[in-house]
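Remarks on the structure that follows.
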Amino acid sequence: MTDRYLELVNSGLTQKLAQQLGLPRPAVLRRHRPGRPLLDGPALVLGTGPDADLVARLLSSPAGGAPTTGETPAVLDGWDVEVHRHATPDVRYAAVVLVLTGVEHPDDLTAPVLAAASTLKRLRPGGRVVTLSHPALDSDAPAVAAARQGVDGFLRSLAKELRQGATGNGVVVAPGVPVSAPSVVAALRFFLSARSAFVDGQLLEVDSAAGELPTDWEKPLAGKVAVVTGAARGIGAAIADVLARDGASVVAVDVPAAGEQLAQVANRVRGTALQLDVTAPDAGDRIIAHAKARHGRLDVVVHNAGITRDKLLANMSDDRWASVLAVNIAAQLRINEALLTSGDFADEPRIVSLASTSGIAGNRGQTNYAASKGGVIGMVRATAPLLAPFGGTANAVAPGFIETEMTARIPAVTRQVARRLNSLQQGGQPVDVAEAIAFLASPAAGGILGRTLRVCGQNMVGR
Amino acid sequence: MTSPATQVALPRVPGLGGLYGRGAWAAARLAAARGTRTPSPALPDVTYVVDDVRAEPDHLTTYQHLLHEPATDALPAGYVHVLGFPVAMALMVRPDFPLPLLGMVHVANRVEQRQALTLGDRLSVRAWARDLRPHRSGTQVDLVTEVSTAGAVAWLGVSTYLAKGVRLPDAPRDDAERPAFTPPVRTGRWELPADVGRRYAAVSGDRNPIHLSPVTARALGFPRAIAHGMYTASRALADVGAARGDAFTWAVEFAAPVLLPATPDVRVVPEADGFAFTAWHPRSGRLHLAGTVTPLHP
Amino acid sequence: MATRTPSTSPTPRAAYVLGGNRIPFARAGGKYAQASNQDMLTAALDGLVARYGLQGESIGEVAAGAVLKHSRDFNLTREAVLGSALAPTTPAYDVQQACATGLETVVSLSNKIRLGQLESAIAGGVDTTSDAPIAVSEKLRRVLLDVSHAKTPQQRLQALARLRPKDLAPATPRTSEPRTHLSMGEHQALTTAQWEITREAQDEVALRSHQRLAAAYDDGFFDDLVTPYRGLTRDANLRADTSLEKLAKLKPTFGLGLDAPATMTAGNSTPLTDGASTVLLGSADWAAAHDLTPLAAVVDAEAGAVDFVHGVDGLLMAPVFAVPRLLARHGLRLEDLEYVEIHEAFASTVLTTLAAWGSEEFGRERLGLDGAFGTVDPARLNVHGSSLAAGHPFAATGGRIVATIAKELHARRASQVAAGDDSPVRALVSVCAAGGLGLTALLEAA
């Protein structure tokens, strides 16, 4: 789907016109291309203490060289980024990382935040601001909790101020989890990278030190076998593409009726096509049997298959309600049950489900859809502990307005408005959702348990 | 077979176009004479002979394609008939031939092929007429054609023609009725387009107007052009196929003419000793032709 | 990719059906009206590649064919391979044996695998009657050839001058027998009458075919056998809701001029159909190396032919003679087969075949047996429906049947073994074809 408005305000005369009229000017987002550097400019690491030092070393160490810390080698190689520890005037930073894990009082925020502020006007297009912090807990001293929770409000507000495709996100590191933990490192890298182009204003919790960093950041899913449901088109096809790009063998699943497109996707990603209705009672068994027989194992299941049957609740038919719940949540529960009991999904398995901002903030006319997507959020939260003993995780991604065949059917004016209702003032692409899913599916994300990551450009609705 | 001792050697196989002209002239002469006297009961006591006849490859191929025969170097028995036919025709247009060429109907044909003839064989053709005899609706005559190669008779054809309405003096009327025909189960069908008469005329030289077009056929009393009897008989022989062998007798009797275009039903089936064939009109059930192909046992 | 050079072995090894894929069959002039043979075969290949993850794979050989074929498709299968996701280094060749084309590709490729000549192969077939070649008239063809051979403009003009307006009319393709000029239906009508097959019996065969195919679709049996194409997700000819009453209302279309009552209708005859099918074949080693499960071994095959030209036997009766020879070679009787697949060219083709096998007289006099050859329990016959319901894109039918029954064989054997029964499970596949041909094959569950 093309966003004509986005094209107009980024080219030629219309660009100038939009500037003069003060119209919203969404930027063309930088997206991941294999082989591109992580950042296209220097990074500023703010904050003091061992965590900040570690982050600075991680970013600045040359690729292939192992940065050493006092504790364990955090990663096999560094990210080869030019790192500054103090804001240098006139430098256009590509990223600002605020390591705030040590704050114990709201006053502790002042220095790093103001240092960051001095760089913002010269932040490069598509720049990144990432905070690293600890969650505010009930057991915290009030000042500590205030400082930590303050990071949340600060970050979400800053994200709304950033322009030109820049994003602000935060990694929230659970107590006891070192900043060198694989999921913290991987989440930091994800937020810095072009892979998180449409993720904005989000704070992602890392719950444990589980997980394993990849030997090759371009192939974080090497050797993994991933099933993607609803893979014939749209977001599902993009997920298959991205998982395959990241090194996974992909089993592309969709209903038999979508087989023609499914075959094209499977052939494109050099995976296998499995024509299957996910609501079939034996869907889980058939997925496991296919993955085992054809690929020898099963590591990742992406529950992407979903339908909408929008209607105001007052006009909702039984069938509209039931079919949405059946496909969007009941099928996932049944397949997960089969996965958990099979014994073949026990080697650091990953479940990633598609939720929706509708399931968080609600959406008029989507009571059925929102119920199912809210259900997904609850399901992954409760499923993650069941998988954790095997090093497994279950998480969800909640897309906002994504340019798909589905959103293309929204009436034009409504669509234009919906697109602008977020900090990036545009709809996301299916690949943006896919990148988040690939991240959560990766071995490095093993410490992220039962979370829902929004891919919405910081949509104004909900958290 | 005994042939008249008087032999007339023709320098080459006569062209049939000219023969039909002479036949038409002879027919007019006979018609003018009709009523004043009956035809002479005597057949010309002469054997026409043409030596050193050879098949032309292109001509043979055209014939084979038209008749659905494989285009091999073997001369189909019907093709040998085509080679010899003008010689017999030359006899029939002689001024002393007692029956009119035009309007004569081919009612039966019998060929004995004793050995296979092939492209390149030097053939000698002998033709004579015999057995002028009464028929219930006119007078019949046999035209015998004998084709030899290397001194041995390889092919012997007897074509029986009927001159309708021409009565021999004092001849007893042959009132034998044909047995009634009930169509059997077909094994196939022929699809005979309107121009098949013209195309067979072109390859056989037999340009009798009844085969050429509806207009010329109507002039001679037929509603549409009719297929050559020998064309249909040769199609039946082709349907028998390779199973006929090299030496066989191929006999056919012609009944109702095939008005073109036509899709007669046909039945070509093995019989005790050889094959039987029949063709009939699919709706009226009228018999067109029936015959047999029987191996010649040495 | 490492290419293995298989060593030829003096003793044949097993060749297995590893899977299959076809596109749904469309009625002529329907959803695939604009698709060519090459389009459809490529789609069927791509679906197979997608199902089994064969992208970029160099398959030993691909053989397929079409009965109605454009002259431009002189290398149809190779062109389809080049357009597919298979490696361009995959060799291919065309096969044409009328309606037996598809099965013959399975048989010949299996034999190559059995000989050690190939490790893997894809068999297939495709046909379209919507996009059938139209030829120019014989006269126009000759003239055009002469024009192209002419050396001077004058010669060209002379050649062109031979043309008459009627020569410009196209020659429509024909499916009637070249030697008898009777259509297949007209031929089968003769056989139907000869064996006194009733209208009711034919309609029952048709009904069963539709019901079984519909049930198989509903059960998801075809989920891993069929890939939708051009918006068609099931065979367009399938009428799940047909009934004997509806079938009985149809007017007979064949055998109208016979003494016996005409019994063959559009309901109990296959319609003209467009479609394509493929079958993945391989050795045990290749299957293991590619994580593929052998479904059934292609054990043996037997071709037959009858003299229908001279009315000795019905046009479509060749399998009646081939199957007894095939089974005799393995010491098997009809009763030893778990499944019998008889291509439903017409409902009466199945019934005349069974009638001949069930006839004491025919068995003694024509098959050289002591009595009747045997009977087939309808429960074992065309268990997931056949051509009457699915349709019959001539060359694609063999692949459809083989892939379907191979899956069924494997499932049956698995459940049998689970129940402690290790006895072999076999299927017979029988396809009649134009020209009085028949091709039959014996499959055994792996």
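The first chain written gets the first letter, and so on, giving A, B and C; residue counts start at 1 in each chain.
In this section, a residue touches a chain if its C-beta (ideal position, glycine included) is under 8 Å from a C-beta of that chain, and two chains touch if they have at least 3 such contacts.
Just so we're on the same page, UniProt names per chain: A = 3-oxoacyl-ACP reductase; B = MaoC-like domain-containing protein; C = Acetyl-CoA acetyltransferase.
These numbers were taken from a predicted model, which means no experiment stands behind them.
When each chain is reduced to the average of its Cα atoms, B sits farthest from chain A. Taking the mean of each chain's C-alpha atoms as its centre, the chain lying closest to the overall protein C-alpha centroid is C.
The distance from the centre of chain B to the centre of chain C, each centre being the mean of the chain's C-alpha atoms, comes to 46 Å. Separating the CA-averaged centres of chain A and chain B is a span of 92 Å.
A straight line joining the Cα centres of chain A and chain C is 50 Å long.
By the touch criterion given at the top, residues 43, 46-47, 49-53, 55-56, 85, 220, 222-224, 226-230, 233, 291-293 of chain C touch chain A in their complex. If you check the complex, the residues on chain A that touch chain C are 249, 252, 256-260, 262-267, 270-277, 280, 293-296.
The part of chain C that touches chain B in the complex is made up of residues 177, 179-182, 186, 190, 193-194, 257-258, 308-312. Contacts from chain B toward chain C in the complex involve residues 68, 185-191, 239-241, 243, 263, 265, 267-270, 275, 282-283.
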